[in-house]
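Take a look at these structures.
One chain, chain A, appears in both complexes that follow, with chain B as partner in the first and chain C in the second.
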Partner chain A sequence: MYGYLGIDVGSVSTNLVLTGEDGIIKQSIYLRTQGKPIEMVQQGLKQMQAALLDKIKVIGVGTTGSGRHLAGVITGADIIKNEITTHAIAASNVMPGVQTILEIGGQDSKIIILRNGIVADFAMNTVCAAGTGSFLDQQAARLNIKIEEFGSLAMQSSVPVRIAGRCAVFAESDMIHKQQMGYNVPDILAGLCEALVRNYLNNVGKGKEILQPVVFQGGVAANAGMKAAFERALGHPVHVPPYFDVMGALGAAMLAREATNRKGTGFRGFDVADRDFKAGGFACDGCPNVCEVVEILESGQVIARWGDRCGRWSNVLERHEKIS
Partner chain B sequence: MSVTVGIPRALLFYYYYPQWKTFFDHLGVKTLVSRETTRGILEKGIKSTVDEACLPVKLAVGHVLDLYDKVDYIFLPRIVSTARREYICPKFLGFPDIVRNNINNLPPLIDYSMDLYRKGSSLYNLFYTVGRQFTHNPARIFMAYKKSIESLRMHCQEMEAGWLPFEAGGNHNHEHRPQSAGVQDVTIAVIGHPYNIYDRHISMNMVKRLWDYGANVVTADHLPENVFRREAGKLPKQLFWTLNQRMVGAAFYYFDRPEVDGLIHVASFGCGPDSMTGELIERFARQGSRKPLLNLTIDEHTGEAGMVTRLEAFMDMVRWRRQLDDVAATYY
Partner chain C sequence: MKVVYPHMGHMWICIKGMLEYLNVEVVVPPPSSKKTLLLGVKHSPEFACMPLKLNLGNFMEAAELGADTIVMAGGCGPCRFGYYAHVEHAILRDLGYRYELVVLEPPQKHIGELLGKIKHITGQQSWRRVINGIRFGYNKAEAVDKLERMAHYCRPRETKAGATDRVLQDALKEIIAVSAPEGLPVALNRAVDMMNAVSLDKHRPVLRIGLVGEIYTLLEPFANQDIERKLGSMGVEVDRSIYLSEWVNEHLFLGLVRNTGSSKLAKQKAVKYLRHFVGGHGLETVGSTVLYAKQGYDGVIQMLPFTCMPEIVAQSILPRISSELGIPVMTLIVDEQSGEAGLVTRLEAFVDLLARRKQTGEVLA
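Right after this comes the complex of A and B.
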């Protein structure tokens, strides 16, 4: 049997998906990136190999997410694509006719508007990371609640507390204030969900025409409280697809299928998981820009470089991933 | 011995440099432009400016710092208004004072006002007072002024012919444009302040990136003045700011043009007028048009990943939409 591998290296999670030739998911793996993207890609590959038992041969690899270039170099990806495109592709395949995708991840949140099956518009949060998964994580930790229990607790609320969602700093002080006034935790959590949804719709969803069917994906979609808050705010049902947390990886696998349509794969095999990869870096002193050049080393040998504006370092390598 | 006047490569440099240079040349005064923005220049500027200032102003201070020990004068005209009944952002107005209060041991600043707000006010006032610093011959100043107007006109013509400010100026410099000119299959309008979109450092080389993705880039500066003024007139009320009027007018125009596939609005974080133009473009200019619009905010961050992701996704989207339109065109 043959299959396609999709890898999504995000700020918070690293996801791997293996699809069959028909695009149906055979195996998915969700790992926390924990600031170690290289190790997590390798760990994910190991787990994937163990789960497959050599029954499926990988004939295409796609990478996405903010660590896509890193993962692409390690695995020898056939396609390296941004996460907006991969999310849109995955959602429109999982739910044909989808018109709006709400996606909230660890460090970014985005809205993708599709019409007739293609992306018609999209927006991403700007420089501020308020209203993303990391903030929910942080607040759950402060209230000493497991992030997995967040959603079910929020669902127990009867009267959500009003919390200012414009800025994460204000939201936090508002929450502390409400908590000291004696409101119970579920109501505060539900209020936080509503504040995030309000913030999302005002900032990311500003001026966008949100039409049904709406798909809600990304790690935060696991939170039932957020789904309920979106449904209340939009006034119509919001669908969370079964593989909501690995949609980026799924899209990457689908793109890999397209990219290897008439040619072989560049996949370097699962044994890259055991090779020694290191990311190094240095500040180039060639000009006052002082670019921070990143080097990826495999067993002491440089296999990729990026981060330099002028190409002085990245261009000297034979095979290089162009990132800047 | 001739004197040297320093001109910072910032703010309205991108519009007026040819004029300023010609004027000083004809007075026999040497000019020195600060070097292209680097991280060092930006960091120096950030360090010596108040926190509330926007990125372009901080950068401009950095450019002044790049010049101040190399020249005898620094040319920082106090730009109040460049057109009748319109203003330029107040930070331009106060810019000479920002510089004076933040930098020690400055060479003398040439900071006479350029104010065309009132009827009958003339650009000549500025140039005459500047010229008097270097010569006592009014005829010479007048001649230099005439030549400078001529070169500004040439500069505008070149831009209207499709060149960008950093390419214009006689030596059409092709090195930054992609070699194979035939591959530009989409046209993207980049709407933003000239000092944001043409500065290679703070825009993270956006124009070059778009060229590399196979896009033909058009900006507000490719339009003659009467066009963007006419288009901006579609707003219910006239905008006060000249530059933003230019941007909104260009957005109106490009949304209507069939050959333009998408627009990118570039705002600097903390810019009041920009936050409003963004809204105006979204609400008014886009009405009735389904063309994709991308809002990008630039600030001090050096991580390029966010910008690259958005531009890539935007280009993917523009191409997909085009394909779909092509399919539709063959069926109907």
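Right after this comes the complex of A and C.
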């Protein structure tokens, strides 16, 4: 059997998905990135290989997420694509006719508007992280609640308290204040969800026409409290797809299928998981820009460089065909 | 007297040319870098926008090279920039720097006000020479703008990655090297020939994006994280709503030079959406977006430094223009954060969106 591998290296999680030739997910893996993208990609590949038992041959690889170039170099990806495109492709395959995608990840949140199956508009959070998963993560930690329990607790609330949502710092002080006043935890959590939704809709969804059907994905979609808060704010149902947390990787796998159409794959095999990759870096002293150049080394050999503005370092390496 | 002025893209080339022609000693600050930003951020009010912080950093770095007189543009109106020269001067004084300050402002009544300040810098030189010097600087700005425009055309079409930018640097050196007005036309011809020699694939389909927004962010590659080059390498031909020579002509010469590109048209186009001067380039941003839509551009990107009021006004109007004229618009806000990944993701996604739109549009047509 043949399959396509999609890898999404995000700020918080690293996800791998393997789809069959028909685009249906055979295996998905969700790992926390923990600031170690290379290790996590390798660990994910190992787990994937173990789960597949050599029954499926990978004939295409796509990478996405903020670590997409890194993952692409390590695995020899056939396509490296930004997360907006991959999320849109995955959602419109999982739910044909989808018109709005709400996506909240670890450090960014985005809204994607689709019309007739193509991306018509999108927005991402710009200078503020108040409307993202990391914010919920931090507040949960403050309240000593596991993020996994956040949603079910918030659902128990009867009267959500009002919490300022514009700024994470103000939200936190508001929350502490409400705690000291004696409100119970579920009501505070539900209030947090509503604050986040408000901020998201005002900040990211500003001026966008949110039409049904609406899909809610990204790690935060696991939180039932958030889904409920979105439904309350929008006044219509919000769908959370079964693989909501690996949609980026799924989209990357689908794009890999397109990219390897009538073409061999550049996949370097699962054994890259055992090779020695290191990320090094140095500050170039060629000009006052002092660019931070990043080098990816495989067993001491430089296989990729980026980060220089002028191309002095990245152009030295033989330029591969552009795939992103 | 050793004169320094802040960086804004290639502006230094023109001012250096002008002042050196007038025998004024010039200190060009090191190009804006992380160090510049660090210095600026450390000593600026937190709520000021990024241009102030970078200006301040420029001046501090130039002081190490012996500069003692600041020449800076001023302005009036709702944009805070008009007051930046004085604020920066005060901060520098508090830090112990001894700088003299000359603010070149759009004259309130007569161009003579501007000439007077230039006379202060240039000392006992004939008016004839001073005016020739100003014209020389202006012509250099025009030359640089011409080369930049050529680079915008070449980047998405170059057959060898990075070729355009290498040649552009060499071509700019030709302009920089010219020390007197007589030499400029010849040097410009040489530079243009160099740019023309870049090997291009003229039949490659490219997307066209108009860049609108605040002048400093548009012109200074350090502030906009080299957006023109990034878009160029993604196969996008860009155009800016503001070029230095046009701005100088309108704001400092009060439109003395005729028949050049001007923001007048953009301002007329803005009337339907915004009938009032909002400071900075807010009106031009609105008007240029309309113009780009009418000229068949595939998309528009607005850029502003965080907290820029005039552009925030424009930003809130752009969605309406976008839906009425059917042109996708994206806004990018720049600040201290230097994470390139976020910017590249947004640009890639925007370019993908435009490419898909164009594809399906062509199928329908």
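Everything below uses one rule, namely that the second predicted complex is superposed on the first by the 318 of 324 C-alpha atoms of A that agree within 3 Å, B and C clash if a C-alpha of one lies under 4 Å from a C-alpha of the other, contacts with A are read in each partner's own complex, and residues count from 1 in each chain.
What we mean here is this: a residue touches a chain if its C-beta (ideal position, glycine included) is under 8 Å from a C-beta of that chain, and two chains touch if they have at least 3 such contacts.
Bear in mind that the values here come from a model prediction, so they are computed numbers and not experimental data.
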When chain B and chain C are modelled together on chain A, clash or fit: clash
First, second, both or neither for A:M124, with chain B first and chain C second: both
A:G182 touches, of chain B and chain C: first, second, both or neither? neither
Chain B versus chain C as contact partner of A:G311, first or second or both or neither: second
Contacts of A:G264 with chain B and chain C, given as first, second, both or neither: neither
Residues of chain A at both interfaces, chain B in one complex, chain C in the other: 66, 81-85, 116, 118-124, 126-127, 206-207, 287-290, 309, 324
Touching residues (chain side chain A, partner chain C) in the complex: 66, 81-85, 108, 116, 118-124, 126-127, 206-207, 287-290, 307, 309-311, 315, 319, 322, 324
Contact set on chain C toward chain A in their complex: 30-31, 33-35, 161-162, 165, 222, 226, 229, 306, 319, 328, 330-333, 335, 337, 340-342, 344-346, 348-350, 352-353, 356-357, 360
Residues of chain B touching chain A in the complex: 38-41, 201, 205, 269, 282-283, 290, 292-293, 295, 297, 299, 301-302, 304-306, 308-310, 312-314, 316-317, 320-321, 323-324
Partner chain B, residues of chain A touching it in the complex: 66, 81-85, 115-116, 118-124, 126-127, 206-207, 287-292, 309, 323-324
